[in-house]
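Here come two complexes built around chain A, the first alongside chain B, the second alongside chain C.
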Partner chain A sequence: MALSTTWAFLKRMMRNPYSAIGTVIMILFFGWAIIEGILRYLGPALGFSNAGYLLLPYNPFSFNLSQSLVSPSLSHLFGTDSLGRDLFSRVLYSIPIDAAISVIVVGGGIVVGGVVGLTAGYYGKGVDQVNMRVTDLFLAFPALVLAMVIEYTIGRSILYATISLIVVWWPVYARLFRSEALRIKNMRFVDSAILSGLSRMQVIRRHFVRPALNTIMSYATVDLGNVILTYSILSFLGLGIPPPEPELGSMVSDGLSYFPQNWWWAILPGVVIVLIVVGAALFGDGVRDYLAGE
Partner chain B sequence: MSSGIARYIATRAVASIITVLGAVILTFVLTHLLAPNPAHIWAGPHASASEIAAITKEYHLNQPIQIQLYYYIIDLFTFNFGMSPFFKQPVSQLILVYYPRTLILIAIAMFISIIIGIYSGAFAAVRQDKFGDGIVRVAYLLTWSTPPFLVALFFQYLFSYYAGWLPSGQLADPSLKVPPFVTPILPLNAIIFGDWGFLSSYIVHSILPVIALTAISFGIITRITRSSMLETMKLDFIRTQIMKGTKMSKVVYSNAVKNSLIPVVTVISLLFSFLIVGSLVIEEVFSYTGMGYLVTQALYNYDYPTLIGSIFVIALSVILINFVTDVVYAFIDPRIRMGER
Partner chain C sequence: MERILRVEDLNVTYGESTRALRKVNFDLFQGEIVGIVGESGSGKSTLGLAIASLLALNKKVKFSGKVNVNGVDILNASEEQLYRIRGTGIFVIFQDPFQSLDPLVSIEDHLSEAYAISSDRNNVKVNPEQIRKAVITALKKVNFTNPEVILKKYPHELSGGQNQRIMIAMAILEKPKLLVADEPTTALDVTTQAQVLTLLKKIVKEEDMSLLFITHDLAVASMLCDRIIVLYDGLIQEIGSVKETISDPLHPYTKGLINSIPNESKKEGRLKFIKGMYIHNEVIDGCPFYPRCDSRKDECIKGIPSLIETRGRKVRCIIYGVEYERSDTTAK
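What follows is the complex of A and B.
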């Protein structure tokens, strides 16, 4: 059942060239992230300490000063940096982290924003006022600027970066969920659900959370790309994982002082960011059309 | 009618003030409660014990939390953000020097973005689902999806390293002295001192950052204009115009566009937030010494007072712009002030 709907969904997405491109990029991105992620984190637990490097062309951390600043070629697809590390391997190595952050931040945003927005829309009046004032307050800060300061305050690390992003990410979802709740609230089926004796939690879960999630799904898919974009700016500003761990944004900022002579260092990791974000946007549009067609 | 507007402005003003107070409390919670060790973080990582003691005393960190909040609010509203441990200057003075430089870039970029956005949006809407529409949509999808630093690098390469038309970075030619601070507006200072060499160098050096900022932001306007134009083109008065035989270009670019301007007003503050974030990294790429420079330097050098002062001023600007656009919106669209939304 689930498999055949997935198949139907994929076939539908492939019909339109734009959403086909988006789907392929997303499958490659998350597929690679999952494979590499499993190798890296499960490998050492099973006694293969180098499992994370198994599928990479080179070890992303090993220096090779005789091969420093080599321009892109078949042996080094993205060239190498000043320490001779293969940039293509470093890009591949950084992808699972980006994938995990995007899913966790969007998921966290949906959970927090859902609670704030649905209660605001469902209860209305005072609850609505308070919840929406708080939401507006967070929206007064440009998201990246606030995330930057929060992370700076509580400490620089991947975990704190994720938390900071969730803190600035939920307000948009709170607004979306609130307007969904307002739309649903006046529908007849809600009244009949209450009359049929469902408890309040059951009504909220079945008739508010589910339809609202359906509507928000396509926005959330596009949003995966926005998280990756914002996180790349954080890591560009030095607020990502500390070096030597590779990171798309920090690779660009490291390559800045070698631009334009060694252009590949700053440009190619940046192009990968663009591909992922464009892929998420096209995929999200496809999801929207698919859900609208259902 | 006019009392409707007055009441609307008053409620928006109250809401804005509440948001400002909220922003104060939010930064207070962050800096005094969430921070693992407030005195350490204010003083910076290399501070000695006596410096930390001095900071603790200066910021009243050894007193009850409500007293701390009291001093915090007083200080913020008198724009006393403390001394910057890195720049060794009052933070408010730093912001006064650096923020206007970025605001000038943002204002110009915003103006150009709005013009490009409205025309490209109208252009795309008229050719809905045709080739021209496709081109415009691909263009704004790309500018939306590209990190600002990459956009900056692209234009830096194109106009500076490849074509050689524009300088690759800096506020102005580094051999020229920045005119002394008289007003916060740098070009005005240059004019006051008759420093035309600096002024022209400054203008030339500002072109690339403005181009990059415009490139990252016009898509917001294009998208909203396109969708509101699609609505407008279906309205009766437009159809009448078309049927009367008015030239299509006139219908689109003078009648329909005017009606589609209203939604553009609502995204101005979004545009501003977007440009502020963009300027942080774009200025870094161009080594342009504006607000982005101030914030990134504060970040790299553990200069907490500067960081907090900067984001507070940025948040104030966003809230102010929100308020102004709400008021403008109410003047343009009577339905808003009559509470029909």
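What follows is the complex of A and C.
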């Protein structure tokens, strides 16, 4: 059942060239993230300490000064950096983290924003006032600046970067969920659910969450790309994972000092960021059309 | 006989001026089927919502009076009291069956939920097998021959009539004392309509519920109900047993309604209509039916006629006695 639905979904997405491109990019991105992620975190547990490097052309951490700043070629698709590390391997190695962060931040935004927005829209009155004033407060600051300030304050690590991003990410979802709650509240089936004796919280859980998620899904898919972009900017500014862990954003910023002579160092990881963002946007558009056709 | 519902001096106003219900008073007893009959806009649905305690969800609405269901004063009850009465005390079947069911929740989940709640309210512990058994029994009672197949479906995969039968199955599982059905068959085609009505009547008798049946169709009401309440512009115009009301209507409006029912035996060439348009809340300080009434007199607009007892029935018309309501008939 779920399998045939997935299949039908993919077939629909392939019909339109734009959503097809988006779908392919997303499948490659998340497919690779899952495979590489499994190898990296499960391999050592099973006694293969280097499993994370198994599918990479080169070890992303090993220096090779005789091969420093090599321009792109068949042996180094994205060229190498000043320490002779293979940039393609480093890009591939960084992807699982980006994928995980995007999913966790969007997921976290949906959970927090969902609770805040759905209760605001459903209860109305005081709850609405309080919830939405708090939401407005967070929205008043530019997300990136706020995330930077938070991470500066609590410290620099991947966990803190993720937390900072969730803190700035949920308010938009709170607004989306609130307007969904206002829409769903007027539906007859909500009256039926109340009459059948569900408590207010149960009514929200069972009859608001799914329809609201359905509507918000396509926005959330596009948003995966936004998170990756924002996270890349954080790491570009030195607020991502501390080196030597590779990061798309920090590769771009490191490469900039070698621009334009060694253009590939900054440009190619940057192109990968753009591809992912565009891919998510195209995919999200396709998801919206698909859901609208349902 | 046990009284299930008592409505006392119920006034409902939407916004500033729409007086949807005025001075509504009636009782409903255990096992009874009472029909609320009136044209569109006469306040029928508002009455259903008031009884179902759903009015307060609308911010623009003002109401006064009492609605007593099973001893609970619905309009002034706490959230906690309402929570208890819903799920066993009262259930509503709405007009549009597609909108009454959550499109993303399967039939099985809808019905299981209903049964789980009512069992919980009655302090009965039930396990998943018992729930499933009860749900299948209920589906059989509402004439589904293939309950297992239906359970897997979603509301949009069923027809309107089937969905309405699902709502009736939900009512069976909830076992409410009072069932309200607001035009439950209006959205259905004629043959399905008859099936659903017959089923509804059978279930109400079998499960020992009381039914408040809301309809614009006097013919349908007369098939189903024990008593009929005729509503016009938010005012009850006549209350009586079906037999008496149909064979000997008191109010000129009821007479008009009965004459406009197509009658096979009369073999009339065309239907009769009540002349004039129904204009809601026309500013008349008197009988709202006055502009369309054949027997109107000047006394009709000296005030709103009282609902008076005559021959053991109730009617709001000065033909049966010149008495007026005091003027505080709008909700504050």
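Criterion: the second predicted complex is superposed on the first by the 294 of 294 C-alpha atoms of A that agree within 3 Å, B and C clash if a C-alpha of one lies under 4 Å from a C-alpha of the other, contacts with A are read in each partner's own complex, and residues count from 1 in each chain.
Definition applied: contacts are C-beta pairs under 8 Å (C-beta built on N, C-alpha and C of every residue); 3 or more make two chains touch, one makes a residue touch a chain.
Note that the structure is predicted; figures quoted are calculated from it, not measured.
Enquirer: Mind checking chain B and chain C on superposed chain A, clash or fit?
Expert: Verdict on chain A: chain B and chain C fit.
Enquirer: Look at A:R206 in the shared chain and tell me whether it touches chain B only, chain C only, both, or neither; answer first, second, both or neither.
Expert: In the superposition, A:R206 touches chain C alone.
Enquirer: Thinking of the overlay built on chain A, is A:G197 touched by chain B (first), by chain C (second), by both, or by neither?
Expert: The second partner, chain C, only.
Enquirer: For A:V278, is the partner it touches chain B (first), chain C (second), both, or none of the two (neither)?
Expert: Only chain B; A:V278 stays clear of chain C.
Enquirer: Could you look at A:A140 and tell me whether it touches chain B, chain C, both or neither (first, second, both, neither)?
Expert: It touches chain B, and chain C stays clear.
Enquirer: Tell me which of chain B and chain C touches more residues of chain A.
Expert: Here the partner covering more residues of chain A is B.
Enquirer: Is A:N214 in contact with chain B, with chain C, with both, or with neither (first, second, both, neither)?
Expert: Once the two structures are laid over each other on A, A:N214 reaches chain C alone.
Enquirer: Pick one for A:R188: touches chain B only (first), chain C only (second), both, or neither.
Expert: second
Enquirer: In the superposed arrangement, does A:I154 touch chain B (first), chain C (second), both or neither?
Expert: The answer is first: A:I154 touches chain B but not chain C.
Enquirer: Quick check for you: in the superposed arrangement, does A:S94 touch first (chain B), second (chain C), both or neither?
Expert: Neither partner.
Enquirer: After superposing the two complexes, find the smallest distance in angstrom between C-alpha atoms of chain B and C-alpha atoms of chain C.
Expert: It is 15 Å, taken between the nearest C-alpha atoms.
Enquirer: Of the residues on chain A, which ones does chain B touch that chain C also touches?
Expert: Comparing the two interfaces on chain A, one with chain B and one with chain C, no residues are shared.
Enquirer: Contact residues on chain A for chain B in the complex?
Expert: 133-134, 136-138, 140-146, 148-150, 152-155, 225, 229, 232-233, 236-239, 249, 252-253, 256, 259-260, 263, 266-267, 270-271, 273-274, 277-278, 281-282
Enquirer: Could you list, by residue number, the parts of chain C that touch chain A in their complex?
Expert: It comes out as residues 52, 54, 57, 59, 83, 86-88, 90-92, 94, 96, 99-105, 113-114, 117-118, 121, 167, 170, 174.
Enquirer: Under the stated contact criterion, what part of chain B meets chain A in this complex?
Expert: Residues 15, 18-19, 22-23, 26-27, 30-31, 34-36, 41, 141-142, 144-150, 153, 156-157, 161, 273-274, 276-277, 280-281, 284-285, 295-296, 299-300, 304, 307-308, 311, 314-315, 318-319, 322 of chain B touch chain A in their complex.
Enquirer: In the complex formed with chain C, which residues of chain A make contact?
Expert: Going by the criterion above, the answer is residues 124, 187-189, 191-199, 206-207, 210-211, 214.
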